[in-house]
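One structure, as structure tokens, below. Some questions next.
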């Protein structure tokens, strides 16, 4: 039983990160119907920027760990958001009227570009966050040791998800985003500045990705330029699993994917866990073609 | 649209023609095939740095046979298909020998091409047994084979008195080969293999696997994969509060291992590896270390990249020793006449199959400050 | 003789009853109109007949055969063709190819025949081509054959949809607001075309808001309101029906 | 105008066919790889370009073909080229089985499912499924093909073998495009509801498109195995599928000429950019974005089909 709970927390920790990246995917997808394949790389850049700022500013020397992380998070969020907006301007906006898949190729191009530019700047070697950045506190839940940072990561994911959801559902800007997601043309006629909405989405989505990158950097320590591709694919899977375009769906999908992987590894085979996760995904989509929480869109004839 | 098609094609062809390599005859060209991009870019770029440095030094001393040495490096992307193209490209660039490459399947994709072009190939990181069992005359390698390391690993584990052993690999050709070798040998010993499975390289969170291994209650874990994962495993193992000893293969012999794991988590980690220049008392090794530090202001990374350097040394010795750049003469010299060439990883000799001779493997332990200490 | 028979047809979307216990018959060779205020469930009835939606209960019988649960393409090959309220042409393809789509279900050649093109396949292609051109001529669009569908005028796009439907060699053609977006002259021509379709022996069922068209063209009219049938009869009967007038004009009590 | 186009194609073919005489082995081999990818991309083009299904797992079918050839050749010593039909057939069968339950999925959901399949296949290959795939090592020692007793081994010989199959592919797929079948796929791509309303059995055609694409990918697998003599799982990863996906979109969905040109660019450019060394993929990524921005519908979108009409004069094509 302890084994089960241990694996449960393992799965939740991994799933929390997936969920956080999936949120960004889902935001962009919801409004633009674009699979932003460069999203994983923005996540990776977030991790690198965090490390660069940390070492360049030497914050850790005179601030408490939590202040450092908060400060870092703010800076990384802003920088990655700027990058996201630039990405949208350069690579996606010219393709807004084109076929959906044209923008996907552009996104893949951007992904290759980001990976390689990071490799050229930082080198191909693994980069490492300082180990003493976070106090390695372990708390005991029902007698089970759980590193505090894991709880914090999961908490951060949930908080961001809830904040985002509230923002989208309750605020005027959120309403504008939802309107643009349903029908850009109609939204424009209602006086919504769709360009601004899209820019905003490209602020929020990448910023969330960047935050996830920073978390991964701080928690796991080791980062490299190809990590965006792997996490990106997992997060995309998670977003689809939950129903892409749906914010709680991204959260549910992320956590579920993490749990599926953990339990597949724990009770079946570690080597086959990804294959198993994909099998579950396929089965779920066969039964629910638009994901767990995705709306079933009846084709209007 | 016809016009557009032809313009497009014309542009492509024009570009193709512009970049044809220009041949020059006054240098001795040596090829380096390395993963300069892709997942193993870090290793490949180290390989290039080291070989470039050695070539520079050699040229400063007057080169070979009165000519300067020129290194022509090609990216194999760490992928067999790209490697086949890189091999064709090198075969056409007039190189007398090729150093490389890293992954076994990548090397394999290039072997036939060099063989047909009659170019000597000295691989540096490809440890799969079969590479030298095919009877290819012009293939050699500076790295030891999986069976040798498997043997050493099994002996070490048994020698340390462990009874319940967990084996973890990462499903790469190299790690799986080593894990299989070790498993096969250990099964004949009075020990029990309590866990055997593979992790997925490139991930960050291995808690799930560690939890599972822990439940199998081993007294030692043999991890045959690479340093990025080894570092994470050590670090997450410590965070779990689990104190089982880890033994790794030579793919974990990289200073970055300690950087990733942290000195505290890495302390007590054992691994097997050919000696790195840092640990050798020979002049060749010491000179190399100081030159490398001077030029790149860093320590060389993995032992594999250093073995590419030894590949270069072997090529240079072959040309000097046989007084020729003919493949047959160079290969014959390396396989029959060369004895104990002082290299960066100890003395170099080759057997008839082109494999490196000698007990290369040493056992290392990471000490409290994160240094790799050669065990007696 | 009854060609199409609807019996107690019901369709719900969540809590909303879009079609409520609707029954009516369409006799072979006639032109029947289906009218009603917006949201009355007319298009839903069409979608049920053509298999785009599945009925929750009730029967749809075409030529003596129950077609409730058949997929759309089967229904088309049995002889029911349709046009769409919001024009659904293949915009990036030529007008000719749009009509060829209709010929599809009367052809046989598959992928292998396509690659090796035996004589029978070529003969079939030629026949289809002739037929498609014939249907384009029928709706006076033969000069537009090689133009992309998206470049046609709105009225012509509607006609192209009719031609595509006719190319399936239907026994019943279902037109969903065929005059929508047409001017008076085009509408007059459309009535002509609908009569010609009838003259070819094809039964016509249509939804239309243009009352003058419906009254002029149809022999029988079925009126829906809130998903339920409220009247059925000849144009003069419908014109005189109190419930229909209330449905269209609203009652004082509301 | 139509004649002019044929002159261009004939001239291009002539240049291509004579190129081994002037190119060195490296560039011939680049052309060989391009040839293989042309065939692969054209097979994906049926699914993605013509039928409009978002399929990002084509490497899975390619892998089935390559492994079929490799296993049967190395174990039973069956000549490589004889295995081509069987490899195609098995790949097609595999496609039939996996595509049946997922064919109704829309757009991006289909995309992730196909990615899922290619990953499952790769993981299965790496884990040495059924003990026959050789795990991460893959399978080595595949025979070179022989034709009439002549062993095909040099890049030049492979050039003609591969491009012969490319030519056959182009010929057959062109016919396929200009047929009831090809049109049906386009109708489905443009508007599946209207296609069904015109009497087209959508899921049947989608499935057949998948199977034909897979059969062709299986053929390519045989050629690939014969060319490389060693195959390993990493040759069939997700990235390979992405590459094919990009080729079709970059070249122009549903356009044979476009897909060929797209292959030359996507496979050829990284080779050209070798002079940028470690920056070559960076340049490649940037070029990708730029090309898409300037030609969002692909470099050579397909021209409308032309038909010989009896009574009207032969219509001019619109492009």
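The chains carry the letters A, B, C and D, assigned in the order they are written, with residues numbered from 1 in each.
Keep this in mind: a residue touches a chain if its C-beta (ideal position, glycine included) is under 8 Å from a C-beta of that chain, and two chains touch if they have at least 3 such contacts.
Just so you know, these numbers come straight off a predicted model, no measurement behind them.
**Q** Determine the set of chains touching subunit A that also touch subunit C.
**A** The shared contacts of subunit A and subunit C, listed by label, come to D.
**Q** Which chain's C-alpha centroid is most distant from that of subunit B?
**A** C
**Q** Counting C-beta pairs in contact, which comes out ahead: A-B or A-D?
**A** Counting C-beta pairs in contact, A-D comes out ahead.
**Q** Any idea which chain sits dead centre by C-alpha averages?
**A** The most central chain, going by mean C-alpha position, is D.
**Q** Just give me the whole-number Å value for how far the CA centre of subunit A lies from that of subunit D.
**A** Averaging C-alpha atoms per chain gives centres 33 Å apart.
**Q** List the centre-to-centre spacing of subunit B and subunit C in whole Å, with centres computed as mean CA coordinates.
**A** The separation of the two C-alpha centroids amounts to 71 Å.
**Q** Can you check how far apart subunit B and subunit D are, centre to centre, with Cα atoms defining each centre and the answer in Å?
**A** 34
**Q** Quick one: which residues in subunit C touch 2 or more of the other chains?
**A** As it turns out, subunit C has residues touching two or more other chains at 52, 84.
**Q** What are the residues of subunit B that contact at least two other chains?
**A** Expected reply: 37, 41, 45, 171, 198.
**Q** Which residue numbers or ranges of subunit A touch two or more of the other chains?
**A** Touching at least two other chains: 116, 119, 269, 271, 274, 299, 301.
**Q** Please name which positions on subunit D make contact with subunit A in the complex.
**A** Checking each residue of subunit D against subunit A gives 54, 101-102, 104-109, 111-113, 115-117, 119-120, 123-124, 126-127, 193, 238, 242, 245-246, 249-250, 253, 278-279, 281-282, 284-289, 292-293, 296-298.
**Q** Considering only the defined contacts, which subunit A positions touch subunit B in the complex?
**A** Residues 3, 6-7, 10-11, 13-14, 17, 116, 119, 123-126, 128, 131, 136, 138, 145, 147, 216, 219-222, 224, 226-227, 230, 261-262, 265-266, 269-271, 273-274 of subunit A touch subunit B in their complex.
**Q** Please output the residues of subunit A touching subunit D within their complex, sorted ascending.
**A** Residue positions touching the partner: 29, 35, 90-91, 94-95, 97-106, 108-117, 119-120, 233, 236-237, 240, 244, 269, 271-272, 274-275, 278-279, 281-282, 285-286, 289-291, 299, 301.
**Q** If we count contacts the way the header does, which residues on subunit C are in touch with subunit D in the complex?
**A** Touching subunit D: residues 50, 52, 71-74, 76-77, 81-82, 84, 88-94, 96-97, 100-102, 104-105, 107, 109-111, 113-117, 121, 124-125, 128-130, 133, 142, 145-146, 148, 164-165, 168 of subunit C.
**Q** Mind listing the subunit B positions that touch subunit D in their complex?
**A** 1-6, 8-9, 12-13, 15-16, 19-20, 36-37, 41, 45, 73-75, 79-81, 84-85, 88-89, 91-92, 104-105, 108-109, 112, 116-117, 128, 130, 134, 171-173, 176-177, 198
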